[in-house]
Each structure stands twice: as structure tokens, then as C-alpha cells.
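The two complexes that follow have subunit A in common; it is paired with subunit B in the first and with subunit C in the second.
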Partner chain A sequence: MNSISVRFEGVSKHYPHFTLDNIGFELPTGSILGFIGPNGAGKSTTIRILMGLIHQDQGAVHVLGRSMPAEQAAAKMDIGFVSEDMRLYAAATVGWHMEFIQSIYPRWDQSYAASLLQRFDLKPQQRIRGLSHGQRVKAALLLALARRPRLLVLDEPTTGLDPVARQEVLGELMAVLADEERTILFSSHNTLDVEQISDQIVFIDRGRIIDADDKESFLDRWRRLRLVLSQDAVLPRFSGIVDVAGSGLLPVLTTNCFEPRMISECQEMGATVQAVDTMTLEEIFVANVQSRRGGKLV
Partner chain B sequence: MNVAMVKRLILKDWYLQRVPIIGSLIAGALALSVILFGGKPGFILGLILLVTVLIGVGAQLAVATMVFERKEQTLPFVMSLPISYKEYTASKILGNLIIFLILWLALLGGSFGVLAISPDKPFGLIPFVAIMATEILVSTCLIYTVALITEHQGWAIGAIITGNLALNGIGYYVAHIGSIAKGMEGHSIQWSPAASTILAAEFLIIVLMLGLTFLFQSRKKDFI
Partner chain C sequence: MHSDLVISQSDGRPMYLQIMEQIKQRVAVGEWARGDEIPSIRQLAVALRVSVITVKRAYLELEREGVIVTQHGKGSMVAPDPDLSPRLYEQELAEHIDQAARLGTLLGLRTEELTSRLKRAAQRLIKEHV
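== the complex of A and B ==
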């Protein structure tokens, strides 16, 4: 089995007002990659290239061992795809959609589909046009999950959902994660959702990947140091300081490569370390984007 | 080409468009019976009704299955299935063309039949009827080509208008070609070189348009 499910190498796509620039990442089989970026960052474009729906201008894309977009039909046999802008046929019922998908995918799991219907509180005879937005997302997710795909690609699936529906969708995704062979790529601008289910994180902004690591490493290496400087002390300088905030004698340093030795080094330079704060993924993402946009990180 | 997948996509479109399809088949059968049993006024009335049904169903299916796929955002759902642009394009053209051809062949067969069995109707009209019926097919293929390539309602409506204008213009032009006009009132078929050339050109245009549709679709870089 190929141990890498998704591989992007130097992928670029040019539009008149937007460029996806030199995207490269790998998604190992069995892992869950959270693709985080603000609106318009290039998440959907990247995912559409992954699905073969948009052709890259440069670079290579391999999905489940298939070259995209040339082998997209074969690759999509093993992919479940749900995107925020995907709609089902309004005039048809949930049951008709299930039968349609079942006729295409030989691995369709009818008993799993029936259990998802119950869990998502959907009925086969319901027409799509009569469903709420949350129910439509759940119906699309049901169709993607019950085909038992090797790769699940979810483009902003929780956008526009109320908190209860969002938790139900995330809960189901977490249940899916029990299958170690299942690979998931999950894009969102909601870092809280991504933090709950992902083990790898890619940050994208303005068409470029600005950082990528596993989630624990992100959470381990990003810290905020709250310092108190004496009158004659100088602000400590470390590599990896991405932001300096706060007032003159009470600076707050944000670092993306925290090490415990920094605390003692600060003290040696006459600064008192008041607190070392961990950061949420959202804070890390915002600090990362702002520092890149401000040119503080190279 | 995954034929099984193309078939599933065609059946999907037929199911989703079953109301206009069944409606047009009923209307087509009704028009044919008017042609067969309505006497001379019925012949004209039935032909007008059948042509109207043909143009209507051709345009309706093209807009509903090609343009609305993008407009109603079901295209990402369809394109997430294990298909390529070739299967998608083939399913749209074949699915629409089969329904259209059922009615079109009824128009053609019915018209020929009535002309053949009715002594009071000019059998010599057949070359003109064949040219005009094929022109309707050309117009419909133009709508398919434009609707599929642009996936835009405005362009599709433009193609419908262009097709209808061309139908009237060509009807007028062909009816005034001496060698064709001469035989129209007669009781025997006269296939003049002009009639054969026009008919051949129409079929050539159809083949070219459908070929161009596949070519343009294959060159598309953004499919949704």
C-alpha cells in the first residue's frame, strides 16, 4: 500500500486576481490533515486541484497513487468529497441520492448508511429542498461516508452550521477516525473544528502555505512570554520571535520555537518572566498570518 | 470511456427531468395524432405543435441538465463522482439527444407517413421537410454545444434565439431555391443536388459541433 495518500509538489495555479503559489505537502495514509486559512486563502482551489476539478498550471498532484487530473476518474472511486458549495438535487429525496450513490460505489455500506440516517435524524423520503442547511450537509456527509472511501476530503463542511449540528458532524468525523486506514483532509477557517479532529496542520494564506507541522508540535513550540523589564534591561532577542506586543517595560513576546532555556536566558538579561502562556491553534494561526503578512517571518 | 457510468448519469438526468420528458412525449403523440387524423388543417396545426414541442423540449432539457447543474451548484456533486469530463460530456449529449431524437424521429416519420398515405398532400414536399427537420436538429445541437461549453443561461438563451432565427431564415431560403421549390407541390420526390448538399451540410455541422464540444470540454482547466 502507498503510505502517502496525497502528495502536492510545486503546484501553482494562476488567476487574474489570485495565484496559488508553489503548494507542496504530503498527507500520510491514516492521518487527518487540517487545512486552515482565511477566506480566499486558496483552500478550496487546492482541494479542487486535489479532486481533479481544476487543473494546475504547474506541479504534480498524486492522490491515492493516481496522477491528477489525468487519472481523476479512478482516484475518485476511493474519495468521499463534501464541500460547502456542493448541493444535492433539490427535487430528489435523500433515499434517491443514497440509491444513486450505492449504484456507483461497490463498497457502499447500507447498514452504516442506515445508522447514519438515524444519527443525523434524516429520513429517506425527505426531499432535499425541504431540508435545513445543517441537514443538507449531513445528507452530503452520509453519502460520502457510507461509500467507505479511503480518502475523505471535506472543504469547509461545518461552515454555516449551528453549534449543535456542527458538533454532530464533528462527532461523526471523530468516529470515522477510528479506522486507521482512513485518511482525511479537512479544510476550515474555524480553527476550533480543525483542532478537535486533526493531527496534522497546514496553514495557508494568500495562496501560499505559510506553515505546516503536526498539531502537537504547533502547540508545543508556540508560546507567549510575558516579561517585566527593569529600567536598564534590554529586550531579549531570540530567533523565532514573531511578535513583540505590550508596553515598553511589560513586553509580550510571541515565539514559534519555544524552548525552556529561553526563560533562564531572559532572566540573565535582566528580564523577569511573569508567565509563559500556551496558545490555542487559533492564536497560533492569527499570529502566524499576521507575522507573515507583516514580513516578520522569513 | 466508462459506459456504465455514462448510462447511470443519463438515467439520473432522465429521472430528474421525468416531468418535462413525459410531458413532451405525450404532447408529441398528441401532435402526431392531429397530423394523422386532423385533415389538412390538422396537418399544419399538428406540424406546428410537434415543431414547438421539439424546440421546447430541446431547450428545456439543455438548460435544466447543463446550465442549471452549475447554477444550482450540483456540478461539484456530479464531478466528485468517479467520472472524467469525457463521461460527463457524453452523458449530457447522449441523454438529451436520445430524448430529442425520439420526438424528432416521430416528427420525421409522422410527416413522411402522412405525406405518403394521403393522396391530397404533396409527396414532393419530403426533401423540404427533411431539410427543415434536420435544421431543428442542428439548432438543438447548437444549444447543447453552447450550454455545455459555457454553462451559462444567457449564452444558452442566445443559442436558442439564434437557432430559431436560423430555422426561419433557412426555411425561407430553401423554399426559394428553384430546384427544391419546383418539386414541393409535386406528388413524387425530387432529390435535387441542392437539397442533398444542404442536408449533407446540416449533418456535417452537427458532427462538427458535437466534436467541438468534446474538444472544448477537454481543454477546460476549471471544471467547476
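== the complex of A and C ==
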């Protein structure tokens, strides 16, 4: 069995106004990877290269052991793909789409499809034209899930969904992971979704990967230290400080490689450590992007 | 075993700590009895809709603390250690006392003031239960 489902090595793609630069990451089988980036960062371009829809200029892409884009036809039998701009036939019904997909993919699971219809509150006789945005997203997801693909690739699956629908979708994605042979890669700018269900996280900004790690390490590495300095104390300096905010006597240090020894080091330099705050993935992402863009990284 | 842990997103603590604490409480009150089989990492992750890696981390730490044991191929279960519940409370108490001491320092309380306030709180609790 291949334990890596997706591998990018040195992948680049040049456009007149945008360059995807040296993208490299690995996604182990049985886990979820969340791809986070601002709009226009290169998330969709990366996903399209993964799917063989765009051909990279340089670098190697392996998906489920197959080389992309050369072996994309074979790879796609095992990949379920849902993207925001995917069009279903407006005049056709949900049920028509289900039969159509079933006729192409032999592993289609009709009883799973039926239970998804119920959980997503969709009816086979509904025409796509009459569906809301959220219902269309759920219909597209149903068509991908019921094929029982080994890899699910989802470009912004929760964008534009109401909170109830979002939790339903996240719940279904987690249910897929009950089978440890299945793998999910999804992109989002909703860091809350990514923080909730992802095992691996990749931050992308302006066409480059700016940080990648497993989620627990990410959350462990980043901390905010709230200090109180006395009049004559100097601001403690050590490597790994990505930002200094707050006021002169009440500085707030942000670090991306927190270690407990930092607290005692601050105290030795005459500062009182008032609090050590954990950070949400959103705060980490914003701090990360700002420090890279501003070149403030020590 | 049904896992009805409830994870809060507005709770400032990391999710793995919340999972650990709730499992410890289940064990402490005896809902999850000694030697009982507990959900697998993947089962609990799916039920809670949180990352496998987060639940894995919670289980690893619980194992390290001796609350649960994991056997290869057989899954995880509550440790058969008979002193489990007092030890869990002992640790929680230590954490809360540290926290109280820290807040006291922030408020500029003297050590004597802090101890007398703890004493008053304990006496009040005893009175309420009589």
C-alpha cells in the first residue's frame, strides 16, 4: 500500500501576472490536509495541477501513486473532485445526475447516496436550476462522496454555506475518514473549518508555501507572550520572535517556536510574564502572512 | 461505547486538552469504568468531528498520565489503576492552586491574604454542605 496519497515536488507554473513557485508537500493516506491562503494565493491553481487540469511547467506531482498529468485518466477513477465553479446541468434533476455518475463509476454506492440525500435534505426530483447555492454545493458533494473515491479533493467546499450546512458537510468529511484508507485535501479561507478537522495544514501566500506542519505542532509552536517591563528593563530578544506589538512598557511578543524556557529568559531580563496566550489558526495564519510579507521574520 | 463528549470552540484551551479533561472526568465519576474499552482514535474523531491527529494527541497524553492504556491491535481502554480518581483530582487541584497564586500575584495580594481567602472559601463550602 502506498502511504502517501499526494506528493508535490518543486512544482512551478508561470503566468504573466502570477507565479506558483516551487510548491512541495506530502499528504499521508488516511488524513485530511487543509490548504489555507488568501484569495489569489494559488490554492485553486495548485488543486488544478493536482487534478491534471493545468500542466505544471516544472516539478513532479504524484497522486495515488500515479504521475500527473500523464496518468490522470487512471488516477481520476479514484479521485472525487468538487470545486466552486463546477457546473451541474441546470435543467436536469439531482436524480438524473446520480444516475449519470453511477453509469461512469462502478464503485458508486447507492445506499450511501440515498442516506446522503436525506442528511443533506435533497430530493432526487429537484432540478439543479431551483436549488440554492448551499444545496448545489451539497449536491456536488453527494455526487463525489457516493463514488467512494480514495481521495477527495475539495476546492472551498464550505464557502457560502450556512452554519448548519457547514457542520453537516464537515461531519460527512470526518465520516469519510472513519476508513483509514481514504484521504481528503481541501482548500479554504475559513480557518475555523480547517482548524476543526485537518491533520495537516499548508499555508500558501502569493504563490508560495509559507509554512506547513501538522496541526498540533502549529498550535503548539505559536504563542503570544504578554509582558510587563519596569522602566529601566530592556525588551527581551530571542530568535523566533515574529512580531512585537503593544506599548513600550506592555509589549506583546508573538513567537512561532515557543518553548517554556522563553518564560524564564524573559524573567531573567527583568520582564514580568503576565500571560502566555495560545493562538487560533486564524491568528497564526494572519501573523504568518504579515511577518513574511513585511520581512519582519527574525 | 457511545462517546458524548462536548467540545467547545469558545473555550480558550486547545481541543486536545478539552478532550483529555472530559475523558478524565468520565473516568473520575466512574462512567468509564476501569478496564473498559474506549472508542478508537478514529471513532472518537469522527464522532466529535475533530481531526484524527488531535484525538491521537489527547490519547497519547492520557496514556502518559496513566489514565488509559493502548494495546496494539486491541485498541484503548481505561487503565486498571485503582488510585485513578484521587490522582486525577489531585492534579486538577494543583493546577487550580497554581492559577490562584498567579492571579493573586497579579492583584498584588500578599501570601497571607491569599491563604486566608482560600480558607474562607473552604469553610463556606463546608457550611453549605452541612
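Methods note: the second predicted complex is superposed on the first by the 297 of 298 C-alpha atoms of A that agree within 3 Å, B and C clash if a C-alpha of one lies under 4 Å from a C-alpha of the other, contacts with A are read in each partner's own complex, and residues count from 1 in each chain.
By definition in this document, a residue touches a chain if its C-beta (ideal position, glycine included) is under 8 Å from a C-beta of that chain, and two chains touch if they have at least 3 such contacts.
All of these numbers come straight from a predicted model, not from anything done at the bench.
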| item | value |
| --- | --- |
| Subunit A as common anchor, with subunit B and subunit C clashing or fitting | fit |
| Inter-centroid angle subunit B-subunit A-subunit C after superposition on A [Cα, multiple of 10°] | 150 |
| Which superposed partner A:Phe100 touches (first subunit B, second subunit C, both, neither) | first |
| Which of subunit B and subunit C A:Ala60 touches, first, second, both or neither | neither |
| Which of subunit B and subunit C A:Leu177 touches, first, second, both or neither | second |
| First, second, both or neither for A:Leu250, with subunit B first and subunit C second | neither |
| Which superposed partner A:Gln167 touches (first subunit B, second subunit C, both, neither) | second |
| Partner chain(s) touched by A:Leu192 [first = subunit B, second = subunit C, both, neither] | second |
| Which superposed partner A:Asp214 touches (first subunit B, second subunit C, both, neither) | second |
| Subunit A: partner with more touched residues, subunit B or subunit C | B |
| Touched partner set for A:Ser31, first subunit B, second subunit C, both or neither | second |
| Which of subunit B and subunit C A:Gln274 touches, first, second, both or neither | second |
| Minimum C-alpha separation between subunit B and subunit C after superposing on chain A, in Å | 27 |
| Shared subunit A surface residues [contacts with subunit B and with subunit C] | none |
| Touching residues (chain side subunit C, partner subunit A) in the complex | 9, 12-14, 16, 42-43, 45-46, 49-54, 57, 106 |
| In the complex with subunit C, residue positions of subunit A that touch it | 30-32, 167, 170-171, 174-175, 177-178, 180, 192, 196-199, 214-216, 219, 274, 278 |
| Parts of subunit A lying in touch with subunit B, wherever the complex brings them together | 48, 51-55, 57, 72-77, 79, 81, 83, 85-92, 96, 100, 103-104, 140 |
| Parts of subunit B lying in touch with subunit A, wherever the complex brings them together | 2, 5, 8, 12, 15-16, 72-74, 76-77, 79-84, 87, 221-224 |
